[in-house]
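For reference, the structures are reproduced in the following blocks.
Next come two complexes, and both contain subunit A; in the first it sits with subunit B, in the second with subunit C.
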Partner chain A sequence: MENYYLGVDVGSVSTNLVLIDDENNILCKKYLRTQGKPIEILKEGLKELKEEIGDVNILGAGSTGSGRYLADLIIGADIVKNEITSHAISSLNFIPDVQTIIEIGGQDSKIIIIRDGIVVDFAMNTVCAAGTGSFLDRQAYRLGIPIEDFGRMALKSNNPVRIAGRCAVFAESDMIHKQQLGHNQEDIVWGLCQALVRNYLNNVGKGKDIKGPVMFQGGVAANMGIKRAFESQLGLEVFIPEYFDVMGAVGVAMLARNEVKKKKFSNFKGLEIADVDYKVRGIECNGCANACEIVEICGDNKILARYGDKCGKWSNIKNENTKLA
Partner chain B sequence: MILTFPHLGNVYIAGKAFLEELGQEVVPPPRCSSRTLEIGTKYSPENICLPFKVNIGNYIESIEKGADTILITGSCGPCRFGYYSVLEQNILWDLGYEVDMIVFDPISEGLDQLKEGLSKALNINSYKDVIKAGKLGWKLIQKADYLTQLSNEKRAYAIDSYEVDAIMEEYYKNIENTFGAEKMLKLMDEVEYSLKNIPIDKSKNPIRIGIVGEIYTIIEPFVNLEVEKKLGHMGVYVEKSLTPTKWVKHHVTSFPFGSKEENMKYQLAKPYLSTLVGGHGRETVGSAVYYAKQGFDGVIQLLPLNCMPEIVAKSILPQVQKDCNIPIMTLVLDEMTGEAGYLTRLEAFVDLLMRRREERKVGELLFGC
Partner chain C sequence: MCKIGIPRGMLFYDYYPLWAEFFEELGAKVVVSPKSNKEILNSGVLSCVDECCLPVKVFHGHVDYLKDKVDYIFIPKIISIRKMEYCCPKILGLPDMVKFSIEDLPPIIDTNINLRKNSYTSSKYKKAVYEAGKCVIKNSSKIRNAYKKAEESYQRYLYLLSKGVIPIEAIKMYNKTFVDLNYNSKKHDMSIMVVGHPYNIYDEYLNMNIISKLINKGIKVMTPEMVNKDEIIYYSAQLPKRMFWTYGRRIVGSAFSLIERDEVDGIIYLSSFGCGIDSILIDLIERKAKNKGIPFTLLTLDEQTGEAGIDTRVEAFIDMMKWRDKDDFNISTLR
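Let's turn to the complex of A and B:
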């Protein structure tokens, strides 16, 4: 029987699961919307995975994404890694001499600069979401275009309309104005793509030395309009890996494989955990003026973890050796 | 007259004991909490820097506990801090709080004013008493900083880093019920003893990170989202470029020449920034070079949103990064309490530094350099 490794990426917008083998082949992948219910969606994903592949040998698991600690509690990860490292690891596997990784997800965007196979610099969007997928989502909704058709539509344009990209609010009013003037939809859509890329390069990519090969991944990489806009503004070819939307999960699955080979055992609880009932309870601590909101997660009638406090009164009570930060 | 002052990390420990030694009644503000920030943002101008908002929160929480006189230092450099006292007093008066504000401006602004402020705040009967209390206060500041640094160091080496947190949390709680310098020093000795007895793993060779940036943000853990603690739990040894001890050395005990360390940092910053840009912009650049020269693995700059001096420094740091071959990351801080993104950046930065170190080791083995 083949050996497989599970990678889980719980992000703000999507929850992704992949199974890879020893040669980095992807057996199956799941891309689900998190919808603000990470635990349920993760369980659902595991269940689907189980139904699809049946009984396989899963030797280890890893978790990444902003919900990585939560995912770790549920699946029993061998390694918990941040998104930046995970993305870098998987990209290096696809293009070994990659020098720049552009990753645009639902709520955040990142740039990772790699030289000689090592991450030397990175940046994430700071306080503004104008350069991310949710911005496009919103504008597509306004225009009444399904987000899936957005990119294809942009490619049809010959005459882009300039749209302010600095701020999502400005972009929206600018766009409405251009609509009222009677510009056709393709041109507006292409203008939006260019605005997003401009915003990304000015905010996230500011001061970074962007060299080819450039890789583009994350949910927004499905949008061919954005790819074209990057290529025209950077003057470089932009590569999109086949599994662009689950690269983080692939990376952490690869890390989990190394980890399990090193330590010779796995913490992974098995796909059966999809049937365990998890309960989440909120507690407001009255110990001090911070009034921290404590989250308590129970499964199998055991307290798995508590976190959310500043002082450590709750989160330090743990029976496992994983560190919740 | 019941005195209070805004929070600045662990300074309240020394400040409280110093004033108590002089027979003054002191109400230090409660430790900064979400409530402090909430009050502060409600009554402060929206686009003022973060320290101002926390100050206002501190004052109001102290006033609720009975304080009627506020002590604060002044400044006259090109940084908004110089206007803090004036603006803060007006805000408090508008809110109907009848409080006095005693501002200690630098001597260059007039000796008489400073003298008057001091005699009012310190209830001076004899200068002998003041000097005695001052010496104790200075000892306390140094000791408090020493404990903070010791806890940072222990976190990096400890087998269970959470033990350090438990001891420090207990220490902060006990401070509130400790009065006078003697007892405070005794408490500190006890804490030092417990910290030193935490089981450590000496074989660890932790990643070393220097923290540079705006002074308030570096010193006040609530504002920097406890960056030292977070890094410590990742097994990182943290050193801060600015501490209350360093500030007092530079501005008080070495007056008017300035401390050796700060002057050295000015020299290091000189090729990049040869003049004062307000706040601690020049020190930020100098400290980054300093940590690179000391062989640190990386540097983190803390920047409260829209702090002008630090923005100047930030734009210079990429050049320092290139010249000194040391990764530098800037963290922008504001009222946010969602820590996930912040944690991701810190973790990724530590990963980056570890990988660099590994690569270097391989390089040394291969090429013997």
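Let's turn to the complex of A and C:
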């Protein structure tokens, strides 16, 4: 039987799962909306995986994304890795001499600069939404265009209009203004793609030494308009990997495989965990002025973890939970 | 007994031992606000003017905490602490800002400290010391003696810092008779400089415990306060333009010194949202680090900073350093 490795990427917007084999072939991928319920969605993803692939040999698992520690608790990960490293690992596998990785997701974006196969610099977006997918979602909604059609429309534009992209609120009013001036939708959509890319390059990409080959991934990479806008503003060809929306999960699956081969055993609890009933409870601590909001996770009538405290009063219930963020 | 409140914010980690010992020698009881917490941050954000930088807002919270518990609050107006240099305008305006923003305050001891043209031995400085002490006792010789004693404690504190003790720890141990200095001398694989204004790097609540997190990962942590003064002067003098902010000079000089002498493997700059001075310092240090091939990253703190975001950046940064070092993530081994 083939051997497989599971990679899980739990982010605030999407939860992704992939199974890869020893040759980095992807057997199966799941892209689900997190909807603020990471545990439920993760379980659902595991259930879907199980139904789709039946009984296969999963030798190890890894977790990444902002919910990586939570995912670790549920699945029993062999490695827990941040998103930057995970993305870099998988991208290097697809284009070994990649020098720049652009990643844009629903609510966050990052840039990773690589030289000679090593990460030398990176940045993640801060509070601003104007350089992320949610910006496009919102404008698409205002224009009454399904977001799926956005890229196709943008490519049809002949008379580009410039839309101020410094901030999501400005962009919106500027877009409405351009609409009233009678610009057609294709041109406005293309203008929005350009605005997003400009914003990304000025914020996340500020001061970064962007060189080709450039890889573009994350959910927004589905949008061909954005790819074109990057190419026109960077003057470089931009590559989109086949599994652009699950690259973090692929990377951590690769790292998990490496880890399991090194240590010769796995912590992975098996896909059956999808059937365990997990309960999540919020507790407000009144132990001191920090008033921390504690999250408690129970499964099988046991407390699996508590986290969210500043002092360790709650999270130290068991030693194995001390690595919780 | 007269109670003097000292807010645990802004220049606290620079001068606390000096101030506290001084007032205690005079016979006052010193009350320090607790470490920053959610309540202090919230009350600070509420009372302070909106456009201010984060540390000044938090400082307001500390004052607010102390105001009903003490007879006086000590917030000196620190204009200059070194010849021909200044502190940031917000440090200089601190007592006035606080008085303007917070109601029902006890009297504020807002002694002017201005050493732009004078030294610590000048009569002007002695007068400032008297000004500060006279609320407790109006006796100039007692005040003089108290200051001398406080100076001695303060020198011990500075000595600990120079030996690589982090101010957060040094404040707890400067007046102990026996101090084990070996705890920081064990072998480390990696050393990181955490650089920035002291009120950002030592406020464990604002920066989500970054220093302890690094130490727990087995990393040696260096901060500007640990770098020798002469080194700082030497290296900051390399700047084409003279840096006239005291803290700016310390930050740039200490970072340059560690970079040039190859004593750090990476640099994390902790900045607070809304700080104009930082934007210049960051640029200078980042360029120097890139020049010498030393990994550099910037973490910006604001009221909404999430711990997960900080942790991710720190973890990715450490991976990046290890990656260079050991080929830890070598792709060929991943097959």
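Here, the second predicted complex is superposed on the first by the 322 of 325 C-alpha atoms of A that agree within 3 Å, B and C clash if a C-alpha of one lies under 4 Å from a C-alpha of the other, contacts with A are read in each partner's own complex, and residues count from 1 in each chain.
Everything below uses one rule, namely that contacts are C-beta pairs under 8 Å (C-beta built on N, C-alpha and C of every residue); 3 or more make two chains touch, one makes a residue touch a chain.
In this text the structure is predicted, and so the values were computed from the model without any measurement.
Undergrad: Return fit or clash for subunit B versus subunit C, each positioned on subunit A through the superposition.
TA: Aligned through their shared chain, the two binders clash on subunit A.
Undergrad: Give one of first, second, both or neither to describe whether A:22 is in contact with subunit B, with subunit C, with both, or with none.
TA: Touch status of A:22: second partner only.
Undergrad: In this superposed model, does subunit C or subunit B come into contact with more residues of subunit A?
TA: Larger number of subunit A residues touched: C.
Undergrad: Determine, under the contact definition given at the top, whether A:198 touches first (subunit B), second (subunit C), both, or neither.
TA: Touch status of A:198: no partner.
Undergrad: Figure out whether A:30 sits in contact with subunit B (first) or subunit C (second), or with both, or with neither.
TA: neither
Undergrad: Check the residue A:312 against both partner chains and state whether it touches subunit B (first), subunit C (second), both, or neither.
TA: It touches subunit B, and subunit C stays clear.
Undergrad: Could you tell me if A:93 is touching subunit B, subunit C, both of them or neither one (first, second, both, neither)?
TA: After superposing on A, A:93 lies in contact with subunit C but is clear of subunit B.
Undergrad: Kindly classify A:257 by the partners it touches after superposition: subunit B alone (first), subunit C alone (second), both, or neither?
TA: A:257: touches subunit C, not subunit B.
Undergrad: Touching A:120 in the superposition: subunit B (first), subunit C (second), both, neither?
TA: both
Undergrad: Using the superposition on chain A as set up above, list the residues of subunit A that contact both subunit B and subunit C.
TA: After superposing on chain A, subunit A residues 66, 81-85, 118-122, 124, 126-127, 207, 288-292, 310, 325 contact both subunit B and subunit C.
Undergrad: Tell me, which parts of subunit B touch subunit A in their complex?
TA: On the subunit B side, the touching residues are 30-31, 33-36, 61, 162, 165-166, 169, 226, 230, 233-234, 305, 318, 327, 332, 334, 340-341, 343-345, 347-348, 351-352, 355-356, 359.
Undergrad: Note which residues of subunit C are touching subunit A in the complex, please.
TA: Going by the criterion above, the answer is residues 34, 37-40, 205, 286, 295-297, 300, 302, 304, 307-309, 311-313, 315-316, 319-320, 323-324, 329, 331, 333-335.
Undergrad: Considering the complex alone, what residue numbers of subunit A touch subunit B?
TA: Against subunit B, subunit A makes touches at 66, 81-85, 108, 118-122, 124, 126-127, 207, 288-292, 310-313, 316, 323, 325.
Undergrad: How about subunit A: which of its residues touch subunit C in the complex?
TA: Contact set of subunit A toward subunit C: 22-24, 66, 81-85, 88-89, 92-93, 96, 117-122, 124, 126-127, 207, 254-255, 257-258, 288-292, 310, 325.
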